[in-house]
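Next come two complexes built around subunit A: one with subunit B, the other with subunit C.
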Partner chain A sequence: MSLPPSSPVAKAIWSGSIPILFTLDDNELCGRGVDMGLMIEAQRCSYLPLLAETVRDHFVRTGQVSGPGEIWFHYKGTPLKWHYAIGLLFDILGLQASNNCAAEGLLPWNVTVNFQNYPGDKLIASCADSNVCKDAFMSMIKEADYLRNGTTKKVMNLSKADQTQLWDGILKHDYNRFWDVNHRLVLNDGAAPRHLPVRIYLPGNSPVIQEPFIPADEQDHPRTLRQILNDALPALFPLEDDATAGHAAGALIHGVKPSLETSALWAAQNMAYADNFLHLVIVIE
Partner chain B sequence: MGRPAQSYLSMTQITADQTKFHRPPQQLDHGTQALLDDLSGEYGHILSEEDEQVSEITDPAVAEEKPTDAYLSVSYHIIFSPSYQVPVLYFNAFRPDGRAISLEEIYESLVPEAWRSSVRNAGLSGGISQQDHPILNVPYFYMHPCETVSLMETILKNQEQDRSRSFLDSYVSTWLSFTGQAVGLSLPHASQIVLENQ
Partner chain C sequence: MSSSGTPSSESPPASVLAPDAVVTTVSSTSAPAEPTGPPASPSTVIANHKKKDTSKVVVYFRAIGSVPIMKQNIYTITASNKFSTVIQFLRTQINYRPSDPLFLYINSAFSPSPDEIVNNLFKCFNTNGKLIVNYCASPAWG
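And now, the complex of A and B:
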């Protein structure tokens, strides 16, 4: 087993976390229960279904909830898509929605917990099932592989043990376990990727922008974040920085705004989420 | 924001709710079949970027004959996947009272019995699962596109090259008749779908 490459940026991203205060929805509080929230330091690169059991246990133990029910979460009325990484959810619903790139005032993140009326028309089933969460995660990993190589052979050829280790690294939040397998995917065993796995989130629940972005130009120079954002959103991200434009748009990832001159390939290799995608959340000043 | 409008091909079909009757999928009666034939004629055109066309089949005669809770309204959307560069079939099924049906009920009601185990065992986690609809951003069932790519390669390699039809023509009608059948979409004249406005 070779050692995973040590990228200080990748390590810092893996360690990113957000304090979340989980409170039961007012409408669901049992008569005799004590209104007591649960504070969790949640990993940005992890997923809500992996916290579901801990959250449920708390609310059952404190007598606030009795009986079964499908858990789901919302923030200010918006159901939280559990197949999105926790960090991505906060970037969109916390930072982007408040048009505020600083997290002060938004933390701890106040997330409401529900056990009734699962909104099947808005949320994929089902939030508490970690197997469904794993399937959704592996689906993204395959798609990223396809974008890089035009085939999903690399992922499909991972041994059962390696596939298990990948997910296990997420479950246990173990950087070495995860990156030991993941580096082969993200660094593509040294082969230049055809396209970069990127998803772009505009404000206001717009459809997610997903296009195959080319990592290098005809002279084989790495393209920048600005150039790939220009591919997708030319009006918001002109190639020449226009000082007279008035509105500056930026891209948030893991709660920070990298310079738009960053190499997109480098960003894809060092700043991707665990699912191998660069999830860029657009903020407009 | 300057994004071009995205569109998708959409079709709604009324089908018998097998979870109610626990019988093998029935042949549709002549009235409903005729409506579907008309619709497949209409859907001979692949839409250009600006169009979005939604049609629904409702045959009041059929609805009156049978109990209303015995039917499902199934919406099929065809959307091009930018990552896999293939068309992907998204679908949702609702009871007459508007309630959506579950994955298990999808298998029971829409997937022909002979196909069930192959669809269930396709890929890493089964051929059908839920995903955010790329444009509507709400949950829809869909057929995994990775299966489509290799499947279409195999089918088209083995298919007799019909010189009167373009490659794209053959591709779409083959894909639609295969994928559609796997999830209960009846397009009896799918092989005659002609592409325009490419």
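And now, the complex of A and C:
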């Protein structure tokens, strides 16, 4: 069994965090208690449901809410999809929406908490049970595996202990526990993947783009991020860097804009989120 | 989400596509235009991408275990719909209430999130031009 890769990039991504200030929605303040928010240094690769208990406890303890009620979050009125990684939510709703590739002025990220009126039309069914979040995560891992291999055997053949360890690594934010199992998936045990698990997010709440992106060209050279983006969005990402074009589009990964000449396979292996997908958030300059 | 149109009363052979669109949404009048001439501006690209794509894809439902089977199991569905539309449509077809447990999988392999776009699933996972959706009353495949 090979050791987890000690890629400094993968490690830096795992360590990425965002300070979030959670405040209760004005409409839900019940007049008693202290109107006090809660600041949490949230892991980019983690999920809001994993913070839900801490957040609820805070608002109950400070007397701002009575306790029960289905928790959900929004940023400037947009409900936050709980099955998206926290870093991805921030990149889409913070950086992309403000057309600002720097986080200055956006941090701490002001997230509003609600315990009433769960927006079932905008969010998928509630995540009250943390197992629901785990199931959603494992489904993504399997979908990614299917893209790489045309089967989910690699995930299904993980022992129960290994599958648990994967999720446990996220819960405990333990890089070694997570990557000890994850590297077998993202590196595909050394085999060339058929397709890359990639999702692309355009500004303005556009439908997510997911296609079967091919990792290598006919000469077996790794294809670049630019080539992958050109497959899906040729007008935004021309293959020839046309200096005369008045605009340039870029892609954020974990809040940073990598060179588009980066190998897409390398990016998928080293810069994917914990769910094994490389999430590319498009910004227009 | 609304459904319109009705499946034909007799089940077609498995290899024959359902003649009518069964699941549709309110659609725009035209498909996204391909940019022509000078390169499209980013806002044009985004606007085109957001237009409702009215093209349709074929979905093949397969029952697993003790779950009601469908009289007809091949349908076309508007590609820009979310997977939740497929779930709702299936529930209606087999008379399942929202509280009845129902699990859907693609290619007997994984369960997409309800907010995934059918077109993306089709492009990535179709088998010979059909998106195979397995459904069952208890979790299968992990």
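In this text, the second predicted complex is superposed on the first by the 279 of 285 C-alpha atoms of A that agree within 3 Å, B and C clash if a C-alpha of one lies under 4 Å from a C-alpha of the other, contacts with A are read in each partner's own complex, and residues count from 1 in each chain.
Here is the rule we go by: contacts are C-beta pairs under 8 Å (C-beta built on N, C-alpha and C of every residue); 3 or more make two chains touch, one makes a residue touch a chain.
On a predicted model such as this, the values are computed, not experimentally measured, just so you know.
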Three-chain arrangement built on subunit A, subunit B and subunit C clash or fit: clash
Subunit B versus subunit C as contact partner of A:L185, first or second or both or neither: neither
Touching partner for A:K81 - first (subunit B), second (subunit C), both, neither: both
Partner chain(s) touched by A:G120 [first = subunit B, second = subunit C, both, neither]: first
First, second, both or neither for A:L233, with subunit B first and subunit C second: both
First, second, both or neither for A:E211, with subunit B first and subunit C second: both
Partner chain in contact with A:L50 - subunit B first, subunit C second, else both or neither: neither
Those residues of subunit A which subunit B touches in one complex and subunit C touches in the other: 81, 83, 124-125, 135, 138-139, 142-143, 146-147, 152, 156, 202, 206-212, 233, 235-236
Footprint of subunit C on subunit A - complex, ascending: 81, 83, 124-125, 135-136, 138-140, 142-143, 145-147, 151-152, 155-156, 163, 195, 202-204, 206-212, 233, 235-236, 238, 245, 247, 249, 284
Footprint of subunit B on subunit A - complex, ascending: 81, 83, 120-125, 135, 138-139, 142-143, 146-147, 152, 156, 197, 202, 205-212, 233-236
Residues on subunit C engaged by subunit A in the complex (per definition of touch): 35, 39-42, 44-46, 49-50, 80, 84, 106-107, 109-117, 120, 123-125, 141-142
Sites on subunit B touched by subunit A in the complex: 1-3, 6, 82-85, 100, 102-103, 124-125, 129-132, 134-139, 144, 146
